[in-house]
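Same chain, two partners: chain A is paired with chain B first, then with chain C.
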Partner chain A sequence: MARITLDSIRKRYGETMAVDGVSLTVDDGEIVGVLGPSGCGKTTTLRTVAGFETPTAGTVAFDGREVTNVPPEDRNVGLVFQEYALFDNMTVRENVAFGLKMRGIEKTARDERADELLDLLDIGAMADRDPTTLSGGQQQRVGLARALAIEPNVLLLDEPMTGLDAKLKARLREEVGELLSDLDVTGLYVTHDQEEAMLMCDRIAVMKGGRIEQVGTPREIYESPATEFVSEFVALDAPDLPFVRW
Partner chain B sequence: MGTPSGHPDGTFSGVRARIKAGVTIVESIVDPLTERDRERRRVVALCAPFAALLAIAGAYPLWEVFRISVSAEQYRSVGFSLQAYRTLTTDPYYRRVAFNSLWLAGGTTLASVGLAVPITHALEKYDLPGEDVFVTLVSFPISLPGIVAAFMILVLFGNNGVLTNLVAVLTGRESIELAIAVSAPGLFVAFCYSMIPRATLILRGTYAEIDHAAEEAAQSLGATPWQTFRHVTLPQIRPGIIGALILTFRTGLAIFGTLIVIQTVVVWTLQISRELATGYDIQVAGAMATVYFFFTFAFTALGLRYTSAEVGL
Partner chain C sequence: MSATLSRQFGRPVVTMTLFLVVSFLIVPVLLTFVGSFAGEWSGVLPSDFVTLRNWREVLGLTETVGSQRSMGWDSILSLGGYTLAVPSELIFSVGLALGGVLINLLVGVPIAYAVARYNFRGKEWVNAISVLPLVPGVILGVAFLRAYPTLSGTSFGLIVGYSLLKAPFMVMAVRSEFESMPLQRLEESARSLGASWPRTFLTVIVPNAKSGIISGAIICWTLAAAEFNFSYIVWAKGTQPLALFLQRHISNSSFTKAAAAVSMFFCIIVAITVLLQQVGSRGFDTRG
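And now, the complex of A and B:
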């Protein structure tokens, strides 16, 4: 896993400044949540790290090596999408093994690795299934297994729990949180859900209008909000949250 | 003793039941009681004009054309003769015309769809400068009569064509040696010019439904743009490609206007015209039209039956 450094990232679309001078460091093995309302620039920031957006200004570096203009396929980044984005012309196993196939790894080895990850995520029995026949939670596990299969430098999660029902979300949050912690993954976790960010992330960057308002641990964000916006945005109904990662 | 359904009484009772069910449906349309009945009435009202058109302008003329094709006399639909069909199957000339139609339509279909895929990919996947102008240029030939398309090919590739003269100047050869407008390649280009926009139109609809997140997932997993296209995009656009192949092939078979100007390859439609205009062999023309209809219908029906193509009959 790698250390991610975003230095003064700006991204402009015509007259709109989507990301305005974002600087952020994610340490090796750390999960940083990017939290904010819709349109605050969090997904653009994530897409810039993935290589799908080239910043108007600023740099992105993995372990000190600048990757700002490196194409997405050469960044070794695992991406988990809100809408799963599974390949529905492939089985679950083929989905998970896809990245390894692109790296020229032979079929037996990649199937072994895929089965190992599917077992780890408790969906080993579904390896030969068509992913479209799985439930939302199961599909999201496949998406996570697929992203982890390539042993990425960095794992990017774009609102992965949105769309799941509350009960499943709670269970998945716990399981995925523990898994990411065990695997010592460096990750950027984009969400608009304050509770999810508090539970899943080591640190949180709260964004508003393309800028970072505050970066800190969930406790710092919750107990000492730097701005009125952060204070209002992270105000939760349940103050005694079980902050699982700290 | 037969089975109840096989027994004459059983058969009659089955027919009676079906008639009764039909009468009930008609009654429910005339005097609807449930929402399902009202829905049925709306469907009938919406489709009635087309059904009338289909009967008057489709089914009846087709039946008449078929009757002409099997008529025993030249100018009256009387008797029954398969002579016209025997001529089509035994005369090598008509077999060659059929072969010409198939290779020209097939070849231009493959070329047109082959060119439409990258055009659509560029239009749908990237923000192109002047995209609207490009889209208009690509779709423009749909609204052009084939005869005008052929005229444009003459202007470009004829003896005095712009491109012919340009190549002549560049190579130092005579323009008359280079002109391809009135030749099979010229006809091929003219057909493609008319067919590419149709293929592009279907493919653009298919591209609009692509899961872009899946493509990005593939790229992030290390797939190059070509590998992403091959493993993720292509399976998603396959129904559109098959639909485009079916539609453009049908278009290729139906083109006539272009052939009036560029008559270098005699194909089915041109030959029908010749049978009517110069040969006065109305039975053969009727047989050719009937064969054309059933071939196109069967081809499309089979295409839809065995593929997941996105095109209607």
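And now, the complex of A and C:
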């Protein structure tokens, strides 16, 4: 895992400024939530860290080493998407072992590592299955295992729970939250769901119109919002959240 | 009330309609197949069963080499007075159509990918142009002869023409497959896991579009093998494409022999379809 530093990132698409001067540091082992409404630039920020977008200006550094122009396949970044995006032409185990295969690790070693992760995520029994036969929650765990298998510098999660039903979401939130802090994962967690961000993240950056409005712990954001937008956006219906990392 | 109505009438009506439509489509094929074993077919129904004469002639299994030659067969094997000849049209046509499919795969899959995946200037044009060759084979054939006179009458000309004419089916089948999956996400997952772009394309993107690619290949092959108009205009001499061979049999031979030729074509189509499906699912299987 590594310390991720974004320095004055700007990304312009034609006339529109998708990201307008974002500076953010994610410390080693820390999960930072990027929270905001759709179109606020949070996904573009995440894609810049992954290397799928080259910023118009600004730099990205992993552990102080600049990676702004390093292609995605050489950044060692784990990605988890709302759409799961599992490889249907491979078994669950092969999905998880894919990144290790790309790194030239031999078959028995990578299968062993894949099985270990699948057990950790409680889906060890599914290893030989076709991913399309799994439920949404199970598929999302496979996606998470696949991203974790390469021991990424940073884990990027793009709305990973959005497609799931409320009950499953609550359970996964708890389990995955614990797992990520146990594994000491450095993570960037993009979501539009303030409750999810509060529960899963050590710090939260609230974004609006391509800029960061405020960065702070869930408590700081909730108790002393810096702007009216932040206070409105994080206002919870039922603020009795047992797992919030106050 | 309406539930009972639907149970009483709805289902039988749907079943009957389906049955009638399927029979209407199947009966001619069955009748032709049965007729190919008949000695006579002058009335509505064939008669004088069962003879293998028609099939023997169509398959080139007649006793004399002369009669095979007259049919245009090449003899490949002589054994105890019998000569086994394979209708060269068969192999030739299967090959021509497969050549067209191969070009379609190499050109059509990347085009379908580009159109489904990227937004670029002129995307609509690429899309339109890739679907444009839906023009009838006659038109393309004439235009083709004008533009590339050196290709006229050559096998290569036929292959290129078939691939052009059938490209839209490949592009459409594969494109809709690409559009039904989270293409960008799949690609980004593979890239972030350390796969280069070419590797991502070949080991993740293409295998995930398997079913679209297989059905595209089957449609392209079948249509190319049966393409009459274009073949008629571009073909000049030598071994005939299957469509022309069929036409010759239908217009110059007895009805029963024509039935055997058509049945044979039908069998080839079924065989190639099964073959493409098998090769497809094996070829894409990266397991084990």
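Keep this in mind: the second predicted complex is superposed on the first by the 242 of 246 C-alpha atoms of A that agree within 3 Å, B and C clash if a C-alpha of one lies under 4 Å from a C-alpha of the other, contacts with A are read in each partner's own complex, and residues count from 1 in each chain.
Note that a contact is a pair of C-beta atoms (placed from the backbone, for glycine too) under 8 Å apart; a residue touches a chain by one contact, two chains touch by 3 or more.
Note that the structure is a prediction, hence the values are computed from the model and not measured.
The superposition on chain A brings chain B into a clash with chain C.
Residue contacts after overlaying the shared chain place A:Thr133 against neither chain B nor chain C.
In the superposition on chain A, A:Thr16 makes contact with neither chain B nor chain C.
When the two complexes are overlaid on their common chain A, residue A:Ile150 makes contact with chain B and with chain C alike. Contact with neither chain B nor chain C is seen for A:Thr227 once the two complexes are overlaid on the shared chain.
Using the contact criterion defined above for the overlaid structures, shared-chain residue A:Thr91 touches chain C, although it does not reach chain B.
Looking at the shared chain after the overlay, A:Pro72 reaches both chain B and chain C.
When the two complexes are overlaid on their common chain A, residue A:Gly99 makes contact with chain B and with chain C alike.
In the overlay built on the shared chain, the residue A:Thr54 is in contact with neither chain B nor chain C. Common to the chain B and chain C interfaces on chain A are residues 50-52, 71-79, 81, 83-85, 87-89, 98-99, 102-103, 143, 146-147, 150, 156. Those residues of chain A whose C-beta lies close enough to touch chain C in the complex are 50-52, 71-79, 81, 83-85, 87-91, 94, 98-99, 102-103, 143, 146-147, 150, 156.
By the touch criterion stated above, chain A contacts chain B in their complex at residues 50-52, 71-79, 81, 83-89, 98-99, 102-103, 143, 146-147, 150, 156. Chain contact summary for the complex, chain C toward chain A: residues 181-182, 185-186, 188-196, 199, 204, 207-208, 210, 284-287. Listed in rising order, the residues of chain B touching chain A in the complex are 211, 213-214, 216-224, 227, 231-232, 235-236.
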